[in-house]
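Labels for the chains are A, B and C, by order of writing; each one numbers its residues from 1.
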Amino acid sequence: MASEIHSIVMPKWGLAMEEGIVTAWQIDAGATIAKGQEIADIETSKIANVFESPVSGKVRRLVAQPGETLPVGALLAVVADDAIGDADIDAYVAKFNEALKEMLAARASEKKPEPESVEIAGGRKIRYLKLGVGEGPPVVFIHGFGGDLNNWLFNQEALAETHTTYAIDLPGHGGSSKDVGAGGVGAMTSALVAWMTAMKIDSAHLVGHSMGGAVALLLASTQTAKVASATLICPAGLGPEISMEYINGFIEMSRGKKLEPILQMLVANPALVTRDMIEDVLKFKRIDGVDAALKKMRDTMFPGGEQAAILRDAFDNVKAPLQVIVGAQDRVLPAAHAKSLPGNVKVQVFDNAGHMPHMEAASDVNRLIAEIAR
Amino acid sequence: MAKKTYRQAINEALRQEMERDHRVIIMGEDVAGGLGAPGEQDAWGGPLGVTKGLMPKFGRDRVLDTPITESAFIGAAAGAAATGLRPVAELMFVDFLGVCFDQIFNQAAKFKYMFGGKAVTPMVIRTMYGAGFRAASQHSQCLYPLFTHIPGLKVVLPSNAYEAKGLLAQSIRDDDPVIFFEHKAMYDETAEVPDDPYTIPFGEANVTREGDDVTIITMGRMVNFCNQVADKLAKEKIGCTVVDLRTTSPLDTETVLETASETGRVVVVDESHPRCNMAADISALICSEAFDDLKGPIKMVTAPHCPVPFSPALEDLYVPSPAKIEAAVRAVMGKG
Amino acid sequence: MQLSRDDLIKAYKRMRTIREFEDAVHDEFSAGNIPGFVHLYAGEEASGVGVCMHLEDRDVIASTHRGHGHCIAKGCDEQGMMQEIFGKKDGLCGGKGGSMHIADLSKGMMGANGIVGGGPPLICGAALTAKTLKTGGVAIAFVGDGGSNQGTTFESYNLAKVWNLPAIFIVEDNGYAESTASKWSVGGSQVGRGKGFGMPAIEVDGSDFFAVYEAAREVIDRARSGGGPSLMHVKVMRYYGHFEGDAATYKAADEVAKYKATNDPLSVFRNRVTQAHLLDSKTLDEIDKECKQRIQQCVATAKSSSMPTEADLLTDVYTSAY
């Protein structure tokens, strides 16, 4: 066993994150932790979430104070064998902070990855964020109703370590054109195909959430050559039920206080919804054309308060590897929709997650995506 | 999302609205500049460059420089609005309202009512307000309470670049006369501003900070000072709710009363002179509608009852500062 | 140039309507039946009608506090006007404006104005709209001799000139701004002032419909064809006081009576058209009778129609949601 000192640092959750706060440690100094164990609650302006340890070992020092604002990359804790003395730990911490100063200076002048846009057939603009370079088909992340490419802030960078990845904004969302066409799953899927064509992507590992999941399923079943694998996270289209309280609340609420309980329906732990997250949704809804787009999608996809496009039969036509991930506490789409799917569709249920397992159980979801996209 | 200045955000809102609707025109003194002169055209783009680039793009038929003739061109804006255009007139400094107030408060504001509903006057007056520039008494006033007082007008005070773009687009699309107050000290301040056009509704205050101890109600540039104070006091576990009114007319009375009742301790911060200002208006509203929820008297932080002084030493005493706001919050907490 | 028979009848009918209207308002006001302030146009009919005969709905006029005549000349409904003056709910402005703010934008009548000098800047705006949207319309400000001294009026002359607007300024000089003679209060001359701002300017006898009509044609054609603004100085006489209740003791005792005897615009018109055999007395008499009856009907309807209620108090402050 090598004598090593491991640093646990402030993670980077999404493009915009520059700093975060450890609001609480869930372990004490001296504890032995395992990789993947939840060790702290971290809050950024955009989101709050539990932080899973990237390493195993003995926690020798908790460096970050609860409530202290630290930049991404700053030292949170030090993990090392008992064999290493305290003096060495001190030295390590000092050296680390020196190096951090330089890294922060370099980071300040570095060009950060920015989303780009491409025009697709028909003249609409699709915004996307490309991260990472890898061999083989890229991973393409597709958000759900009312979301955007930032929804994948816990996932895209992880997959970008081994793959070329794209997170896109569907029409009506994010920085893409607000023209949603007919406004249904078919229209969204056509837009996805047009984007892949414009980007010269022949085939991709699709990761779709909610409405994006239905899009991924539709494409995987109708244009099999374009889909190398499909991960459907809480996908729409598996049954008629949909929470119209959520959909209508999302559309109608224009004050932060009223929107908060609606957004809290997305997650098992309401603390994940920060005021900045609420602000971002409000700002999105104010953009010209968004209200009309959301209503068009609602009226096309959920007429009479039920899902119009049921795609359960589509599974039979999917050739590529496929998996379904749901959260047991999902209040938007019933987790039960994923029961009794045809054939041997792999279904993973996360008990402690709601409608956003890719945020609520990020590292597990990332592992599942990495496996299927191997 | 890109970071843009208050100035850029306003310019962008004007450009996008003019692209969207051919009836939107701009008029004012030197909004382009160089008219009739041999040298550079669009020489100024407004005294602080806010409208630069618009005349070259839209031409002098839609971006109109005027002589120095407020009563004529503000009146013309009112008449043009009532007959089919959607003018955005610039009253360079709100201090100049004296030479054109009739056109605003007796003409434009009253057409709809006096003519029995048969007039529509979709006009915007953009104007600079506020102290801190050492511009002295005739170029530094706030005066938004005077306009707020007039039925038929709407009064908008954007507190940052994001707010400015959305509220200006809303002002232009609104069918009533709107006075849009730009604080002259904020033009270089930045915020994240979407490239897409968007609007922010009137009469909906924005709660920028939430806390259980004190409610700070404010508007315009002061919102940023109040946020600063709230963030500082949060570290001492004094929780402040900060309410950015966005529009003094219409006033979001619901949010004012709700947030006042929640904490029971209220500070109102208003850069304008103390007599008959927004602080007095809001305090009276809270006292008449939510008195029983108050734990003590409301504290008002305003400029003093004097013209804006020139000397930097005096002007710095004149403008409500974060320190004065903090003192007021501590005072209502009984920790002053 | 000759007006058609129909136009002659239309012109006379309009002038007679104004006379009957104003006389009726005078009577009703004296009887205590009309609230607030009224300022009557009787005696000045040829000016308003002479100008407005050239105008269409796309053209816009702004008036002064003495607005009933311009309103009728521009084609507004006398019934609605009378009800408005009585403060009734079915008035042209819902009873919300009254005599001093009487308006109908659908007819291009941008209102009487309670503020002296309020009209000219507004008309620069209406002219700007016409020019920008290429409607071919013109905008006309009726200004009194009193209003001719307001800063807003001068600024409007200048703005109309430098923007080359299709605007016209008609100074109706009835000799008195309230109780102060224009002979004293106006420095220089109206025509000189117009020319001082680079505008063509003419003086016209306002007792003569035909003189006003001809002069108006010239300035309106000039404006409509892109030739820019003009000023017309029309000399008229108001028969009543500045406002109803003003005994006008500042006038010479026989000033009005003398003018009525020789220069009454309706008589001048009658003499001219009968002598030229364009219309006969009988036709004119019938028009007189018709107008009188029409106005009597308007008064009766105005008296019997209802007042607005509390439900109307707060409506129409704003157009967009508040």
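Please note the rule applied: a residue touches a chain if its C-beta (ideal position, glycine included) is under 8 Å from a C-beta of that chain, and two chains touch if they have at least 3 such contacts.
Model, not experiment: these values are computed from the prediction.
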item	value
Most central chain, judged by mean C-alpha position against the global CA mean	B
Chain pair with the most C-beta contacts	B-C
Distance between the centres, which are taken as Cα means, of chain C and chain B, whole angstrom	40
Geometric centre distance via CA averages, chain C-chain A, whole Å	71
Touch list for chain B against partner chain C, complex	23, 25, 61-62, 64, 66-67, 69, 71-85, 87, 102-103, 106-107, 110-122, 151-152, 154, 174-176, 202-203, 250
Residues of chain C defined as touching chain B within the complex	60, 62, 84, 91-97, 101, 103-106, 110-111, 113-115, 118, 120-126, 128-130, 132-133, 135, 139, 151-152, 155-156, 158-159, 162-163, 315-322
Footprint of chain B on chain A - complex, ascending	175, 178, 254-257, 275, 283, 286-288
Residues of chain B defined as touching chain A within the complex	162, 166, 194-201, 204, 207, 210
